[in-house]
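Presented below is the structure to which this report refers.
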Amino acid sequence: MSDTIVSLPDQSTARIPKMNYLSKENGLLSWLLTGDHKRIGILYLISITFFFFIGGALAGLIRLELLTPQSDLMATDTYNKVFTMHGVVMIFLFLVPSVPATLGNFFLPMMIGAKDLALPKVNLLSWYLYMIGGILVLVTMITGGVDTGWTFTTPLSTHYVNTNVLSTGLAVFIAGFSSIFTGLNFIVTIHKMRAPGMTWFRLPLFVWAHYAASILMVLGTPVLAIAIVLLALERTIGIGVFDPAKGGDPLLFQHLFWFYSHPAVYIMILPGMGVISEVISTFSRKRVFGYTAVAFSSVAIAVFGFFVWAHHMFIMGVSNYAVLVFSLLTMLVAVPSAIKIFNWTFTLYKGSITFETPMLYAFGFMGLFTIGGLTGVFLGTSGTDIHLTETYFIVAHFHFVMVGGMLMAFLSGIHFWWPKMTGRMYPEKISQLAAVVTFIGFNFTFFPQFILGTLGMPRRYASYPAEFQILNVFSTAGATILGVGYLLPVLYLTWSLKYGAIAGDNPWQATGLEWQTQSPPLTENFVEMPIMDHEAYDYEWLERKNLEKQKEVASVG
Amino acid sequence: MSENKEHALHIVSPRIYVTIFALLLVGTAITIWASYVDLGVLNPIIALGIACSKATLVVLFFMHVKYATKLTKLTIFAGLFLFMALVGMTLSDYISRAWGSW
Amino acid sequence: MSDNSAIADGVLENAHDEHPAHLRHHFHDVEQQADASNFAMWLFLLTEVMFFGGLFTAYLIYRNWYYPAFVSASHQLSIPLGGFNTLLLITSSFTMAMGVWCAETRRKSGLVLCLILTFILGLGFLGIKSIEYSEKIEKHHVPGFHYSLNSFLDPNSDAAAKAAGDKPLPLDVARHTELYFSLYFAMTGMHALHMIIGIGILGFMIFRASAGAYTGGHITFVENFGLYWHFVDIIWIFLFPLLYLISRH
Amino acid sequence: MDHISPAIWQFLVKWMTNFALFPPEASTIAPQMDALLFFMVLVSLIGLTIVVLLITAFSILYSKRRHPVAVQIEGSTLLEATWTIIPLGLFLVMFVWGALIYFRVFTPPANAMNIYVVGKQWMWKAEHPGGQHEINALHVPAGRAVQLTMISQDVFHSFSIPAFRVKREAIPGRYTTVWFQATTPGTYHLFCTQYCGTAHSAMVGDIVVLTPEDYRKWLAESTSGASLAQNGERLFASLSCAACHNTRPDARGPSLANVYGAKLALTSGQSVTVDDAYLRAAILNPSEHITQGYAPIMPTYQGQISEEGIIALIEYIKNLNSDYRIQQTTNTTDMLPESADKTAPAAQKPAVQAPAAQGTVKQ
């Protein structure tokens, strides 16, 4: 019995299908004017990777500066700009669109058996909006950056800094509309475009997760938009709504900002959870344990996620009663995440597990997300929040969730669906190595920050007391390893585009509809409209289907 | 498709449109009139009450929601719910701040 | 915010022709296509609701905090103008609804007439709004560096305040009128922006409708635009009492 | 921490502190906070261990090599209910426990001594009732509850003392409070933890906890000559507050003696308890805070007094136990020539902001 499920076609005879979405049309224009969700997914993948490495380079600068207690590599205001740009780039240009706009765009229609998203032009528009936002951020960076922190706290951002707040705000505003349109498109598609037989409870959990995240995108983002509009008016004209001198309340900005930005972390993590559900099921050859619970926990996270935003403001002067309510609600939103973790774990139970790269990343996700989630409870608990908030503890917490969780899930998904997107396999051994390196590097980088935070080291400090240096050195050293871990996939995935083994339709023997068609898929996704006649993750159905196919081949032969 | 197809063009007759239009005009007249009468705390409540009913009329008839699918109704309901949550939960902080520290 | 028109564009695509051959390739049938774009429009309106939600929240907070200032400041608005504008907008909503009916029943000239009426009424609304705005600008009631408290510190110097029988406000109260006007301009400004976008699309639609584009059975675009226009009307239905009708007795 | 064995506590806190893995515990709230923190760490470790063990065990037991064919299991309501309810229960315990601690940190005891803190870009200014000023430092006695009343002059700042496990934002335009009771003399970090602009990371200082005797010595050495209340009195006179807030029968403003802590009926019909926040609001936005029976004639002082000035005034009003001081102020004001009223504030201000005695101020 081999310890892998990879089943590739005979490499001597296998060919990449001549007709596919990549080869259908050629030329730059055919990409820039495409309505094909798969091509737009690829456009997103390229642009997101670009911005990820910009954000990553900025992170590298931050870690370098923090190698020593003094602010010596750069002046403090440069450091402030660097961490602000790191936050803006990573959150609005990488984490929010990462899985939904690339993998979601590419696979959501295929998974539900549709030919495309419901509104292909809007989909393309949202990529252009994303690019305009991204370019604006780059322009901001070149013309002097911005140093408000990605949270744009008033009155600092409105009255006390003289950097490019407006252009950054505009960039975030525009990128926000990109994500609204992506979310809107997904919701319409999931409601209206499902193939015959694809009932709600036959949807892959990836689709459920995207549905939940889309709700958050559609309903949360406009509030951020209006907060930014008011901020811009305050900064340009001085309308006073956030200005205490004129009777405004600066905390109102944070209410509006976090009304989006807390749900935004669920926008970032939910699609990642969707990826993990697919990967864990496929590599343990088993239906996800408690499908309904996992599906509903996604929706529960989306719903509860809207009602906890003030836990970012526990010590900022919100009323103590509000603190109680928001703290309690925060505890409730933690439960669905716990449910998911246990359900994934028990999916392994009595499975038939193999350890390909996507699975390794998924394991990494589960470990790191568990830590990230549990430390979130530390911060949602009003008492301990007093000590831990605004320190490196919070930095470590959200990097565990966002980088340890989301980025691991993203990489897991990229590896999982790479053969489908490109028709070629990546080299297995080196990719497994990259997964392990990433995991190790990540823990080295961010685990010391929990201790730093508990010790009280404040976030966003260019210089810090000397006694914190040892842990900071650890963290910086880890970041170097992490950087290698992220560079490796870029190299071998690019390599595989030309030299990778031909993957065939279904190298992982996965059950999703997207695997039941050729790789790379046709522009229309399916030769004929698929009819869903089985539950999601039905491996027995897949086996029967394969047997039939073999028989067919045999009888023809 | 699981959503039913009752959306398929329910044509609302112009007579209903005219009725609604008239009701909206009457509503506007009443709000303006009511704002000149001193009713104490009732003033804003009446003003908002009339605005809400006018909005409901527009949504139900001009926007055809009365004849729309459950999905459309649910969507609107979800939007309103979250709108109330945004306003209500934010205001709850501001109101309870005035109660003092505990 | 050209986003509305963008959505409309996507939808417009679907409205080209009734012939199934012109059905967008990724839909099964015309029905699914119409359903999907209608649902998308509703979702878009939800985002608009949340967008204005932030403004309404701010308004409610400051109105509670600074009620006396809000009362005096609101007396600077003219109820006849505001009321007339309400009338215009409601009428335009009615003509728009009739326009949709004309499209449903394939009455081309009726549709064109309704759209033109809606267009004119919308322009009329903006015209009156600009009269109101220019008055505010003259009185230095635009928040910011040139904001003037004169009308509130000395109501006798101001016709509107005098007519409303306002008492002079102490400086600390009067200062908060600026917040009222901030919200007034933010809310009506956002609303007017939506009107402008709507009127732009209307102009385009009149042009297309007279070519018979929407009376061939494919009315999704007209329908969706109708939803948008009614939504803008609803926002005004709330703005009018909240901004104009505070304590007039 | 009575319910944990002292030996374990010793290990947890002392040893980890020595190895710079844990901040020192130097306030009464710190052990309480740490108990919850350790409880949460423990729960997290157990949870993490369970997940990791299960994943490892399943990976070994059910690897394809050992277990070639998967057994399809739909789910288990019982199991799922278990891992819904147990985490929920634990989280609720943490919520209640945390809320209790939050309650304690932000409810100062009645006998706490009050120190005012003003945050500005990029320094902390502390104003002691005795008139001692400090910048980026705070001297407090051990064994005595200290309340900080904080405000920011510009942006949000956050006053964080990790060793005390307390932190509170200083907000522009309104007072926030936090309290602590230091237990161990020593010098501890003071950080600004809310990002506040360019020199955010330089907005740090020292919290010096002194024994009561040392503290008394320090107070005596660092006095600036006038107490905070005396500064307030001077300001009270120079702003001509006593023109109305005097004790004459025909006074145009209410008497301020013993007003602090009293319940006031306002013309708006509200009834309020007079505290720092109310006094600040009444000075800056007087028209909305008119005591019943008085005409709304008080002008606003917004833009005319610095935050420190308001603090001095509040401290002065706080200490007005009888009308005697006001009468004296009235007398002083009466003696001033009429024109001096207008020039007085400018002349008096420097006195309010006079630097503290040398040696105590770190510039």
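We just call them A, B, C and D in the order they show up, numbering each chain from 1.
We adopt the following convention: a residue touches a chain if its C-beta (ideal position, glycine included) is under 8 Å from a C-beta of that chain, and two chains touch if they have at least 3 such contacts.
None of the values given here were measured: they were computed from a predicted structure.
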Per-chain Cα centre nearest the global Cα centre, belonging to chain:
A
More contacts between chains, A-C or A-D
A-D
Could you work out how far the Cα centre of chain B sits from that of chain D, in whole Å?
44
Let me have the rounded angstrom distance from the C-alpha centre of chain A over to the C-alpha centre of chain D, please.
38
Take the average of all CA coordinates in chain A, do the same for chain C, and state the distance between these two points in whole angstrom.
36
Rounded to the nearest Å, the gap between Cα centres of chain B and chain C is 16
For chain B, write out the residues touching at least two other chains, lowest number first.
1, 3, 71, 78-79, 82, 86, 90, 94, 101-102
Can you list every residue of chain C that touches 2 or more other chains, as numbers and ranges?
32, 35, 39, 43, 46, 50, 53-54, 57, 61, 65, 175
Where chain A touches two or more other chains, by residue
191-192, 219, 223, 249, 252, 255-256, 259, 317, 320
Which bits of chain D are touching chain C when the two form their complex?
284-288, 296, 299-300, 302
Can you name the residues of chain C that touch chain D in the complex?
68, 169-173, 175
Residues of chain B that touch chain C when the two form their complex
1, 3, 5, 7-9, 11-14, 17-18, 20-21, 24-25, 28, 31-32, 35-38, 43-44, 47-48, 50-51, 54-55, 58-59, 61-63, 71-72, 75-76, 78-80, 82-83, 86-87, 90-91, 94
Tell me, which parts of chain D touch chain A in their complex?
20-23, 33, 36-37, 40, 43-44, 47-48, 51-52, 54-55, 58-59, 62-65, 67-76, 79-80, 83-84, 87-88, 91-92, 94-95, 97-103, 105-106, 121, 154-156, 158, 160, 162-163, 165-169, 171-174, 176, 189, 191-202, 204, 302
Going by the contact rule at the top, pick out the chain C residues touching chain B in the complex.
31-32, 34-35, 38-39, 42-43, 45-46, 49-50, 53-54, 56-57, 60-61, 64-65, 79, 83, 86-87, 90-91, 93-94, 96-98, 101, 104-105, 226-227, 230-231, 233-234, 237-238, 240-242, 245-249
